[in-house]
Amino acid sequence: MNAWEVVIGIETHVQLATRAKIFSASPIAFGAEANLQANAIDIALPGVLPVLNRTAVEFAIRFGLAAGSEIATRSVFARKNYFYPDLPKGYQISQYEWPVVVGGELTIQAGQESKVIRLTRAHLEEDAGKSLHETAGHSLRGKSGIDLNRAGTPLLEIVSEPDMRSSAEAVAYARALHALVRWIGICDGNMQEGSFRCDANVSVRPAGQTAFGTRREIKNLNSFRFLQQAIDYEVQWRIATLEDGGHIEQATVLFDPDNGETRAMRSKEDAHDYRYFPDPDLLPLFIERDWVEQVHAALPELPAANRQRLLAEYGLSAHDAAVLTSSLEIATYYEATVNAAGKANAKLCANWVMGDLAARLNREGREIDAAPLSASQLGNLLARIADGTISTPVARQVFDALCAGDGTSADEIIASRGLRQISDSDALAKIVDQVLSANMAMVDEFRAGKEKALNALVGQVMKASKGRANPQQVNELLRNKLG
Amino acid sequence: MIPYKPLPSNTSVIFAMSLTLEQVRRVAQLARIEISDDEANSTLAQLNSIFALIEEMQSVDTQGIEPMAHAQEMMQRLRDDLPDARDSGERRAAFQAIAPETAEGLYLVPKVIE
Amino acid sequence: MISSSLQQLAEALGSKAISSVELTQLYLDRIARHDARLNAYITIDAEASLSQARLADQRLARGEGGPLTGIPIAQKDIFCAKGWRTTCASRILDNFVSPYDATVIQRFADAGAVLLGKTNMDEFAMGSSNETSYYGPVRNPWDLDCVPGGSSGGSAAAVAARLTPAATGTDTGGSIRQPAALCNLTGIKPTYGVVSRWGMIAFASSLDQAGALAPSAADCARLLNVMAGFDERDSTSIDRPAEDYCREIDSRPNGLPLAGLKIGLPKQFLGEGNDPQVMQLIEAAIADYEQLGAEFVDVSLPNMGLSVAAYYVIAPAEASSNLARFDGVRYGYRAPDYRDLNDMYRRSRAQGFGAEVKRRILIGTYVLSHGYYDAYYLQAQRIRRLIANDFSEAFRHCDLLLGPTIPSPAFKLGDKAADPVQMYLSDIYTIAVNLAGLPGVSTPCGFVGKLPAGLQLIGNYFSEARLLNAAHRYQQVKPWHLQLPPGFAE
């Protein structure tokens, strides 16, 4: 048996979250009724012309900066010519020889190690419309129905080098890219709605061979799970075929999620001849250094740098840092919480954001940008735990109260409900004495050697004090009194 | 997608720019124009005479000359990202009134097979 | 009335000597009487035109008229006009009623002009004789057996026979200037980017430019004032301050009208290929220009001979892509029978397009296809730059260039139809101007027998006012343009 090496490159079509299309002013909201978001330009009436959307370009610049790529000072739009009913002009406006972004890289976690996946390029282009074979409740009498709402939506096509060597690496790359485009705000990342679509170019070669094997392209994978399954199936099929002495034809391939298999599309013999040429209706796009610098200045700290800083400044674990930088919203919330609570409490903040807050958000089906309490409210609350004003159990009560909107700040609730932790030794001693005299059985058990009885007594003291007793002091007092 | 590597300019490649019938048919398919054999034959002669005209360009040395795509050295203008959703229902009705075949707001074509 | 200039018509309307409704009706009547012989119009909608005329009369009554308010203008059927059939002289758009207005149409409407009708043309502007129209050829009013030129042949014939005071045209390789020359008219193709292409059905996007045909240069200047201007809907539209293209024409210079003007004579324009009688007319015109104060210098445009070859790569290539949208899916002609999607495309386009259009699509598809792009398309674009450089060099030594618009006068219908290359070569003096994106004007310069001849003036970028003035001053001393073809006076 030969050892085989798998070689994977990924092309990702990222739908840019602009408000209007790339070459026309139609809106791009998902799910609109058929052809209501298709104007004269999108329908390709005779005589219409394209004009370029500035924000689409800005988003491309953001991406180039985030990926450490080169932003082309001059790039050119080209026509990719082919006939398809969802392509109204009979050509797609794309970029060919001179894309707006060149090079770049993404670092992924491949098992325990980091691996750098290089990018070839990224370019702007327009999306095509959709063909439907039936509509809800109505058959189209054996025809296809064309909806051009999506035609003209701005896309950034990001092409990686064939640097991945397993489906796991491919998925890690796709996830990292997905997180990045969401982080920099250029894409909503909604894969069910088609905002982020991957094509995987897969080939297989005997281990040690430098020449690439024949490549097949698996198109339009819109979930990480499908990406993994499709590549796994394809690789397994490829190896089996080669080992049987079979021959692999280059092909474009679709994945069928129902049976987990890939199959070649109907051959498009002229698929290779797109007759690219610069679009004469558009002029070369010039991007000046000033603009790039402006975009750069407005970019948030990127995830990798953010993660590094959390490790270095706050001493968080790698795992915690990764979770807290899994989206820009979470990272921003966390940072604001630390600002309110004080840097010394960074770990406490991490625990609560990943713990109590996350649990509540999950329960209520909310994202962090709809959190029921603000980061500064949470931070202030945590500061009160840290400075001993309240105990952790009481803090949970205050947390719930803030989430319910029962007060605007932890301090307000603590004051109005008299929740200050009792740390006064005399006051505590009184309560302890009361509890001890009411719970002689537990006292005896503790003296008989049962450690747990102490916890029960602490619990009783907490109950008697309505949670306000300082648990550490109670513990100490009890031990002193009980000997 | 394989990045296209252009030939070095002024490569003296012998592209005999006279077409065969087979090439005419292939180009007609690329252009989605049905062409009968008779038409292909008569077109062939005319196309070849046009290509002979074009052939005159081939002997010219254009080493170092940049292709000129537009009359002026201009930069693409950018427009603001402002969506315009006015009258979309009326507009769809107007556009589809002139369409060959529609249903449920969709343009109908023979089934697209992948 | 039919010999009035646009300025005189405006004055007549302003002084209420005539109303717009009357004027429009006058031209509609002339069309009804004469157009059967010429076939210059594809669509007339009298009700729509008269309705616009009524609105114009109201504007005039309020004293809100401008230079073109109430004046009927014929529009080449390449401009989308809302509610009007817009066919581009093709079967594939025979049933296309445009849901929107081209910028050119809008600008005329805003100026209060009346849309008189849609004129015939070569199909998709591909032709030099107006013999490729789905609606039949157009005939030259000066000799009904002859072509009027193309592709704006319908506009030219209509103006020449005074079936309209003026008309719009488009010019990709000479399609305004050449028919103007063959029909005894002034025609102007402005600098590329001066008139918006929004709504102008595209043939070759980097070469197409809208312009005007009218009897005189002064008329053309008035038309250009309405047509020209920045349009944000066209990325190739040039954003520069508005100009009054009449300003030089309206000026009263002391001394000779063209004193100080340097005119270049490219030797490539004056060679053996020209009809000797046309050359005589050109030489006489040169003498006239000298009398007006102009000085002549010899210049050379060494790469001009390659312009037709380069054009017949670039234009078909762009056209093959621009015409891909005509597929029977969303509008236009769809074949009645087909087996599947591929068949629907192939038959709709085979049946919808005429032979010349199909030929050019095939050429264009071929020169862009894999392996040929560099050798043909890029090479043509490099030659284009050489040609543009030649003009730039020439303009260092002169202000304008002069030569015949076309080597010989109008040929007979059917003469060149069999050999496309022969037809293409008749554009030899006009094509280079489109490749460089420069402005060009053709002005009548006399007759060869009963057929008109035209003289072309080419200017540097944005020199339309000076070009039109140079044509105008010549027209003041040699008013060939005022002559009417026999048989169309009534």
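The chains carry the letters A, B and C, assigned in the order they are written, with residues numbered from 1 in each.
As a working rule, a contact is a pair of C-beta atoms (placed from the backbone, for glycine too) under 8 Å apart; a residue touches a chain by one contact, two chains touch by 3 or more.
Fair warning: this is a prediction, and the values are worked out from it, not measured in the lab.
Taking A-B and B-C together, the pair of chains sharing more C-beta contacts is B-C. A summary of chain positions shows that the Cα centroid lying nearest the centre of all protein Cα atoms is that of chain B. Averaging C-alpha coordinates per chain places the centre of chain A 57 Å away from that of chain C.
The mean-CA centres of chain A and chain B are about 40 angstrom from one another, to the nearest whole unit. Inter-chain centre distance (chain B to chain C, centres taken as mean C-alpha positions): 24 Å. Residue positions of chain A touching 2 or more other chains, listed in rising order: 40, 43, 45, 51-52, 83, 85, 144, 146, 273, 275-276, 280, 282-283. Residue numbers of chain B whose C-beta contacts span two or more other chains: 6, 29-30, 32, 69-70, 74, 76-77, 79, 91, 95, 101, 107, 109-112. Residues of chain C in contact with at least two other chains: 96, 99, 206, 232, 235-236, 320, 324, 327, 329-331, 341, 345, 365, 369, 373. Chain A meets chain B in the complex at residues 11, 18-20, 25-28, 33-40, 43, 45, 51-57, 77, 83-86, 96-97, 120-121, 131-133, 135, 138, 140-148, 159, 254, 265-266, 270, 273, 275-276, 278, 280, 282-286. Residues of chain C that touch chain B in their complex: 95-97, 99, 191-193, 206, 232, 235-236, 238-239, 303, 305-306, 308-310, 312-313, 320, 324, 327-332, 334, 338, 340-347, 349-350, 353, 358-359, 361-363, 365-367, 369, 371-376, 378-386, 388, 419-421, 424, 436-438, 461.
Residues 1, 3-4, 6, 29-30, 32, 69-70, 74-85, 88-89, 91-92, 95-96, 101, 103-114 of chain B are the ones that touch chain A when the two sit in their complex. Remark: chain C residues 79-80, 86, 88, 93, 96, 98-100, 102, 197-202, 204-206, 232-236, 317-318, 320-321, 323-327, 329-331, 341, 345, 365, 368-370, 373, 377 touch chain A in the complex.
Residues of chain A that touch chain C in their complex: 40, 43-52, 79, 81, 83, 85, 88-91, 144, 146, 272-273, 275-277, 280-283.
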